[in-house]
Amino acid sequence: MEDRYIKGLKNLEKIHPEASKRLMNNLKDIAPDLGRFVIEFPYGEVYERPGLDLKSREIATIAALTALGDTKPELKDHINGALNVGCERQEIIEIIIQMAVYAGFPRAINGINTAKEVFEELDEKAGN
Amino acid sequence: MEDRYIKGLKNLEKIHPEASKRLMNNLKDIAPDLGRFVIEFPYGEVYERPGLDLKSREIATIAALTALGDTKPELKDHINGALNVGCERQEIIEIIIQMAVYAGFPRAINGINTAKEVFEELDEKAGN
Amino acid sequence: MEDRYIKGLKNLEKIHPEASKRLMNNLKDIAPDLGRFVIEFPYGEVYERPGLDLKSREIATIAALTALGDTKPELKDHINGALNVGCERQEIIEIIIQMAVYAGFPRAINGINTAKEVFEELDEKAGN
Amino acid sequence: MEDRYIKGLKNLEKIHPEASKRLMNNLKDIAPDLGRFVIEFPYGEVYERPGLDLKSREIATIAALTALGDTKPELKDHINGALNVGCERQEIIEIIIQMAVYAGFPRAINGINTAKEVFEELDEKAGN
Amino acid sequence: MEDRYIKGLKNLEKIHPEASKRLMNNLKDIAPDLGRFVIEFPYGEVYERPGLDLKSREIATIAALTALGDTKPELKDHINGALNVGCERQEIIEIIIQMAVYAGFPRAINGINTAKEVFEELDEKAGN
Amino acid sequence: MEDRYIKGLKNLEKIHPEASKRLMNNLKDIAPDLGRFVIEFPYGEVYERPGLDLKSREIATIAALTALGDTKPELKDHINGALNVGCERQEIIEIIIQMAVYAGFPRAINGINTAKEVFEELDEKAGN
């Protein structure tokens, strides 16, 4: 097993362990190599790089996904990921609100609704 | 003069004083109110909010502008702004490289070329 | 309460009273300030400006939302809003069809499906 | 009936007969001319042109729809269409994976999930 | 010569005669049929339809082009076109400012800069 | 040197040798690892995969870049690349025209202008 694959798995385990298992499972019959690429390139290479801490990386990712639109499942995963690497809920809300400035209010409102969904799922899991 | 206008000017002065003067000057004959909105809403409201530090806000903005494409003048301003609020050059490079994952390699390569331009302009000004 | 907030509420009441209540309600626990920004900036400033009538403003908004994609809830609200400020159903259909030219057929077809949903909801409410 | 309309129907019949009937049916009450435009312009003109074979045209379309995002119903139709004009399932998977490079991983992962849905529907219909 | 081609030419002559000549000239060696499609479909069909007046159509187009980004030459043509069918300069400015709400400030600022260029070219031609 | 790096260089050499040298040279001082990623991931992994021939891969890439917009340097490189792996000029023109259907006429017209630039540069180099 390649070095970057092992590093990628370790980063995924730290950032969003459940989401990554779900993704790999989902891809395994139809495009297992896309799953491998996700592990090796974003997580085994990019997130592994020094020069930017993981929390800042998740801030960048949440901003980009909110601005691009049509990435709800990935945004949900990265909101969870951001919380796992030290972001506060309020920080995530702030990033998404800020996107109203750069990508318009509809993207920001949709992003906030996605954050709301994630927070409610976490509260349910924690309190029930 | 309204409170948020004054706060906005102060934030602009801190983040990118030259760019904002250029922008206001550019808008003053054709759409001065758009200039006022830029001061009052993004800088007088959003960047003013507690809950996310200015450096993290600039990380989010650089990520979004790189991912969206066709925002070169604004990306240049915010790369300068990020440096002014404490980002290292290498951190900016990392954010832009990371966008290859979320918005594709062409957006990341274009973003890096824009960063290169900004860094070269700064080096020239510094007399190197 | 600020002037622009009051003006914004008045414009929202005129354009889409139900949608705005739903939105504010939705945002009130997670990002109430985003709700306030929606009232103050788009509706308290932009839609308040002379120089373009409300009907033309809604035409512009429907065109933009159709072209951008991934804005279905907002497009639904603004189709209702356009009807409330004097657009005919056929005019809305024409704007959306025209977007096939500028943003491609998939965006136009998705937009028409959204308009269909709105019109059917209105017909049901009207008891037809 | 115009020449390009007849040619368009013939091309639609060859590429995705069921999808086109569904689309026309969907548009017939609200925007029948948009349905006619779909037949006459994309299928009666563009897909009719010599200089690029139908299989290559479907490769181009799947790439573009995956990259643009928010076009799931159209992407489903064109995955079926690509299979009908001679693409292999694996070829379709490859096109979509490749979009990770040009439009980012989220678009590619969403595209693969759409392909998975289409393939499962086909397998069900085939009685597997 | 087909009916829709003749109607398209007439509409182009009314909306932006110079731009269309430039476009056709530009396309004539490499893709003359794309030039013909522009005449026949957008101008010979869509802009020809009753149900929405030409001024409203240009408002929709300027909104969409500003929101989409990376369409500067087309936006310039349609700002000229809007003026030719009865839009005031201030109305065009208002549409573009409004796009800050739906597509973010960078798109609006870029759009205003494009409008400024068009207005200056017109003033120069008018001998001011 | 890693296997995928060597394969990537070989693919780049086949597809667009000059463009890749220019890119690597451009990135070498500011973000050399982004250059390495381009070699290793798109060219060392994706373009290396069986299941889709190189010509079809370039068709997909040209379609996506035209549809996304704001990728002119990359589109120029891939038009050259497509010619190098067996596409005819007319095939490239057809792919770009087809994008009018999926991403609107402005993107298609801009794409054709880019193709024109590439073809003229090639003709000049060939001594015409």
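Order of writing sets the labels: A, B, C, D, E and F. Residues in every chain begin at 1.
Just so we're on the same page, a contact is a pair of C-beta atoms (placed from the backbone, for glycine too) under 8 Å apart; a residue touches a chain by one contact, two chains touch by 3 or more.
Model, not experiment: these values are computed from the prediction.
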Contacts common to chain E and chain F (chain labels): A, B, C, D
Pair from D-F, E-F or A-F with over half of its contact pairs in common with B-F: E-F
Farthest chain (mean CA position) relative to chain D: B
Chain pair, D-E or C-F, that carries the greater number of C-beta contacts: C-F
Same-residue or different-residue interface between chain B and chain E, half as cut-off: different
Between chain A and its twin chain F, rotation from the CA superposition, multiple of 5 degrees: 180
Chain whose Cα centroid lies at the greatest distance from that of chain C: F
Euclidean distance of C-alpha centroids - chain A vs chain B, Å: 24
Inter-centroid spacing, chain D versus chain A (mean Cα positions, whole Å): 30
Geometric centre distance via CA averages, chain C-chain B, whole Å: 29
Sequence positions of chain C contacting 2 or more other chains: 33, 37, 41-42, 49, 65, 67-70, 93, 97, 99-106
Category of the chain touch graph - line, ring, star, complete, other: complete
Residues of chain E that touch chain B when the two form their complex: 69-70, 93, 96-97, 100, 104-110, 112-113, 115-116, 119
Chain F - residues contacting chain D, complex: 41-42, 46-47, 49, 51-52, 56-57, 59-68, 88, 90-91, 93-95, 97-103
Contact footprint of chain F on chain A as seen in their complex: 33, 37, 41, 45, 49
Parts of chain C lying in touch with chain F, wherever the complex brings them together: 67, 99-106
Touching residues on chain B, where the partner in the complex is chain E: 23, 26-27, 29-31, 33-34, 37-38, 42, 65, 68-71, 73-74
